[in-house]
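There are two complexes below, and they share subunit A, which is joined by subunit B in the first and by subunit C in the second.
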Partner chain A sequence: MLDTVEKPAEDKSNRLGITRVGGQLISDYWEDLFTAREQGKQIVWYNGGALNPMFQAAGLAWCHGEAFAARLAAQRLEGPAQLAGAEYGYNAELCSYSRTHLGCSVLTLQGTEGDQTGVVGAHDQEVLAAKLPAPDFFVNNYAGCSTGQQWDGISYRVFGKKLPIFNISHPFLWGNKPDAGYLTGEEWEDASKFVAEQLRTLIGFLEQQTGRPFDYDALSESMTYIKRAAELRREGLDLCKAKPAPATFWDWIASVAPINFLPGDQALVDYFAAVRDEIQHRIDNGISAVKDERYRLYFDGIMNWNKLGFLSRKFAEYGVAVLAGRYIQNAFWQEPQLIDTTDPILGMAQHYLLCPTNHGAKTLEYLTLRDCEEYDLDGLVFHSTRTCRAFTGPQRLLAKSARDKLGIPSIFFEGDVADASFYKDGLLEGRLVAMLEAIDVRRRRGSLPAEFTGIA
Partner chain B sequence: MTDASSAAMAKLVEVARDPRAYIQRWRSDHPDRPVLAILPMNFPRELALAVGALPVIVQDDQQPVTEGRALLAEFYCGYTRNLADQVATGRFEVYDALFSADHCIQLIGAADIVRSSKPDTTVFLGMFNSSMNDSWASTRVAEMMRRIRAELEVFTGKAVESDALRRSIAAYNTDRRLIRRLLDERSAGNAAFGPVELQDIITSSMVMDPGEHHALLAEAVAGQRSSERDDRVRVHLSGHLCHAPRRELLDVIEDSGTLVVDDDLYHGRRYASTDVAETGDPLAALGEWYARRNVTIPCPTRVQQDADWDGYLLRAVQGSGAEAVIHLMPKFCEPHMLYYPELRKRLDEANIPQLQIETEHEGIPLESFRTRIEALVERARRRRPAHA
Partner chain C sequence: MTGHYLGVDLGSTTAKAVVVDGTGAMTGTSVVQMGAVSRKGMQRAIDAALGEAGIAEHDLTATVSTGYGRKLVPGRHQTYTEITCHALGTAALCPGVRLIIDIGGQDSKAITVDADGLVDEFAMNDRCASGTGRFYDVLARALECDIGTLGDLALRGRQDLEVSSMCATFAETEIVSMLAEGLPEADIAASVHRAIAGRTLALVAQVGRHAPVVMTGGVAQNPAAVRYLAKALDLNVTVPAYPQITGAYGAALLAVESSGRSPSDRDADTDRELFPHNHTGSEHSCADCDGTGAGKVHLGSSIGVRPS
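For the complex of A and B:
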């Protein structure tokens, strides 16, 4: 049973208007993908890091598995795919991204082979499976999470082991050596070169699949747009350090899809320029993202996609501006200075390695505490993402570090990326209120109340 | 069984049930040599033994998770939560360092708990390429093998000598071969060793010095007589990729009218499946061993398009004459959850009865399992020819 209360009586959130434009770009992208077969394009399914510039340069249509699962969840259309996956045999505790996407694979195959099970109605199949064109081949680009690599290995099997598959392996940035650190050390340099070499091999694979020589100029052009968009995104993120905050984590969540998989082109740059400009306009005119901002928090976890609007309103109801999170500041072309647009391969490889689930806890502690300080945050909210072990693994360690080193409190609430049944609103509500009271006490006394040790 | 073989078996059981006691004894006998915590499933323990260390595959000690709950989410698998609890409660203190070579995000999460809780302890992750068909896989594995060797040399202050490594490889091979002989005999019809005894034999092998283990096992086996299978339904146990199923569950499985005739458990055939070549460059042989293990018995934690766990399972069932398969799936084990439908599909196509049991670290509903296993037994029995 879902445990979600109705939306707050007064909506105190003030989301960026420009994200509606982003929504239209995304919608247009999917509509284009859904008709890719009719357009005579080859289709690649991929997971993990943003390989779309490669596919764009190769003249392919691309479907990012997690993105499609997230889109279904955000539109509350994930049910039929998850049902189909469950009937096929996938356990409800399995990563809900993979479970939803594999359910789509099952539906897609049923749609093409006419093998109806009766579980999912014709209408649902029309809405979902018929819209997602079957792949011509797979590319896996998953860093950090072992499930990500296995997921495409299983997609390959679900499609009868008939389609080509290419895998890119990413060393986990564990930090064995004393010199290991964020963007530094022998381990980082070695891993970067290793992944870059694989990307060059991928190009050969793409040439083989398409029968065309790879267009390196097109890759440089695409990455030039993406680098500029990423720089604008970072500028916008930096502007959000202002008080009161002109935009929040939720606005940036709404802008994940554009930076993650939309084509690298002028429209992408224009979008992020407009995002930055709207934020600057708000600062210039004293417009805040949350009415009567009283608290500034960090959000750790992949987004609970079917609760985006709901959560933005819920936090705003208590005067909370959520400003930073591992999934925003530390993901999605977040270090654009690494990209050399004349030869972007190494910089791309490095960004794939910088997936926020591909670091040991030491590096994550550095990044999290850095962002908490830079955004002057009062506490952390950990989305204990039920089916994502990669993101949740270090969360308890991060909460402890924030308490021990910065003296700021944390709470945990349970939810999931694409399965609404795991979200427990009562837990979030009670724990959030308790933490905000603890923050009030800290402000008065200079330290947290002794009894508040974090609520898990 | 003779008195001597019974005593040898009792010692193996004792080690399997209380690895820490064995480690303490070993440490007092070898005061200058380190004890390494090794995480499953593919770390080349041969390298560690060659520098004089005792490489112990850390066992789920089956104690309830208490303080570890504050370190890892409750939806991590039971084994990793148990590891976190061992660290949190001081039960991990018997180890001098931790070494791991596997890319499982939950194992990595648990290793991070160790590193965070014991910041002065070496916690080394030498991750093997887990996508086995990558054209660069063998080169990367060979390179990582060299890094692991170097790290062990730094940690122990001793060089890995080729002869010592060859002796180490031979010692583990010898032990594996004897274990494998018992497993082969079981699948061929000998029911002398039950699943709990075999699990104890294998668990103790994961803990002990291989030479010492082999000597005890050889003694235990020497007094063992062959035993014919009885009329119970023959089952294959599949799953549990990195920790042992509970002994009480194995007991219930056989008490419910089945006879375990084969398995692909880590604490079973998977552990002993493959030997390391004893000729040529020993370091290269270890890399080849890693690759061949996944062909001998494919593991869903590896991605390999030309190695099918489902195909292996079907062949194993046909080879042992198993009449049904029981999938033992540890709750929250993602590779198993991902691959399970492929297993189910393949066995369904072959008309082989199967049952999935989701195992938890605590609170196993044994009586509920008994009912389900008995239903499986009935299904399998109905398939027997009328004259049987």
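For the complex of A and C:
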């Protein structure tokens, strides 16, 4: 009687094949960055909103700190950097993106100066320190997160306060004035102009650092490609409203890096055209992203980068298509119509303000409930990101709104963006299955609102 | 309806098994203490429940398992989470319940249920052992008393001492410090119980304060834990006669449901004799349930059973 052994669960996820091409583009980008110094390029380290078109136009190589931390986590290489960060004084309560990247700063600096850290093995130190080239200067472009806003300032200190730094300030979009709304109202207009003005000042700073005039035409060209890529991305996202879903949140997570920091060029447009085309092909041929889709859920939270494949399989195992999330629908050039390619500064400023941690509760509620309705979702999963309270702060309010206004349930699970130690699988699994059981029971007994019948 | 149905709740420290007949009436129950999730402990629990019911494994019509180790239970037809099973089992034992607080060996849960005993919302502790059975074990060890008498000790406490640490490990250090200061053990026990109740209140805050409240799980056998929780909630808290088996009972009822009966076959509110064996009811305070006598317990309308 005791010989029953659970067989490994069948992988019911069917990820888009094109994301492998995206992975190669990203890999090529980093390899190129790792040799930027040898190529004679100046290097800028930055965080927050996607300033890469500005750096591209200025002829710089750029390193987005969060992106590098996420990459290390996705490759399960974050440990040595975090250890170096801890040795320097950044403990596990600090944003794991920032302490991973700050650890890289420590290792990069020590690699440059030939020092040895006491706790990180020489091999790991060499691998990480040799790879990430030291910066020539910093730019901080973080909205809605106090850690993010200080992050580059701390890197500046790690590097001995010897390198220039430029900070961009972003007003929080409270959305509580009488005329305030998503993309409308006096607060929005004023904040947009305020950030745009700083971007124009940043251009002067970049000219100072590079010693050459800023190429506005190159910026327009780069933003033309990015705008088109963003439009294609939105088209692909909209196609995912189909039932069964042709692609999921996890596919879009795998395509975050390209839209976030790859150069604005034809290759970027081609990539997102291919993503959209593969999704359309799936719809035309009845191919679903999850075998036997039974539930459609929302995922609120920054990605748990070392769990991407694992989570996509886990949700699919239970017939769950995760289709929308604040980190996907409401981030990364998500409103391309705002970009005037002949003078893209204002539209860029507006996207930096549209960071998903930079909205008041009213706007977040509007965006979340809108996506739950448009994608016909059965429930929400909140990734309570342990070291990102900027993201988790409003989650209880959002769960309550979804319950009260749409009648759909939520669960929470703890994890983190780049620190696997905060995730415990049993907690997510137990809560997820309990929510699905509750949805099942209500479907059987007909007490779910008619619009949430799913496709069981 | 005939047949025998088994529900198994394989938890972190105990294995519970309940056998019911086709009407949902319990014919055998067992609770077995284990060191951790254990196949041997589970088998002992199953054997004991089957023995009490006077049947063998091959007599079973269906088995449903729940708990941490639910996938380890052999011969199961289906698995359900402990959330669903506790809600169903508790609603069957205590009709009308709206808020269930279940505190087991390793986790604590607050579950709100609708009028049919279906889960509305739930919240669980995260990885921290604070407020779980494990925490009470730590307290009993620090106070050098038996876990079974810990509650009585706490009820004798008078002074309200400040207990700031809710981490099981750090709380032990804090308790040891209090003992070193010569503070009365009963006051320490009472203060820790009060602090834990406050922690549970935070869990309840996530799902909303509803009444009637029923407490289940092993910790519900601790009278001080129940009293301080009631105080913190400012509500009456009732405890079913066998608070540890509600999950297994819910699983057994789901086994009845899973054996081919459609919801439309359900009877309306029906009284069934659920405890044919001795039912002392010494701590029993379910609404609408006498808790003693012939062991009559109301069976809520949410449970699909019909007279055999």
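Keep in mind that, in the parts below, the second predicted complex is superposed on the first by the 435 of 456 C-alpha atoms of A that agree within 3 Å, B and C clash if a C-alpha of one lies under 4 Å from a C-alpha of the other, contacts with A are read in each partner's own complex, and residues count from 1 in each chain.
Please note the rule applied: contacts are C-beta pairs under 8 Å (C-beta built on N, C-alpha and C of every residue); 3 or more make two chains touch, one makes a residue touch a chain.
All values derive from a computational prediction rather than experimental measurement.
Touch criterion met: A:Val441 reaches subunit C, while subunit B stays clear of it. Applying the stated contact rule after C-alpha superposition, one finds that A:Gln149 touches subunit B and leaves subunit C untouched. By the document's definition of touching, neither partner reaches A:Ala36: not subunit B, not subunit C. When the two complexes are overlaid on their common chain A, residue A:Asn176 makes contact with subunit B while staying clear of subunit C. Contacts of A:Tyr90 after superposition on the shared chain: subunit B is touched, whereas subunit C is not. Once the two complexes are laid over each other on the shared chain, residue contacts for A:Arg396 go to subunit B and to subunit C alike. Measured by the number of subunit A residues touched, the leading partner among subunit B and subunit C is B. Shared-chain residue A:Pro409: touches subunit C; no touch with subunit B. Of the two partner chains placed by superposition, only subunit C is touched by A:Leu427; subunit B is not.
Residues 396 of subunit A touch subunit B in one complex and subunit C in the other.
By the touch criterion given at the top, residues 69-73, 75-76, 103-106, 108-109, 112-113, 115-116, 124-127, 129-131, 133-137, 140, 151, 300-301, 303-305, 329, 331-332, 334-335, 337-342, 344-345, 358 of subunit B touch subunit A in their complex. The touching residues of subunit A, when paired with subunit C in their complex, are 1-4, 6, 396, 403, 409, 412, 414, 424, 426-427, 430-431, 433-434, 437-438, 441-442, 444-445, 447.
Interface residues of subunit A, counted against subunit B in their complex, comprise 88-91, 93-95, 98, 140, 144-147, 149-154, 156-157, 161, 165, 167, 169, 171-172, 174, 176, 194, 197-198, 201, 357, 360-362, 384, 386-387, 389-390, 392-397, 456. Within the complex formed with subunit A, the subunit C residues making contact are 39, 43, 57, 68, 71-75, 80-84, 116, 118-124, 126-127, 206, 263.
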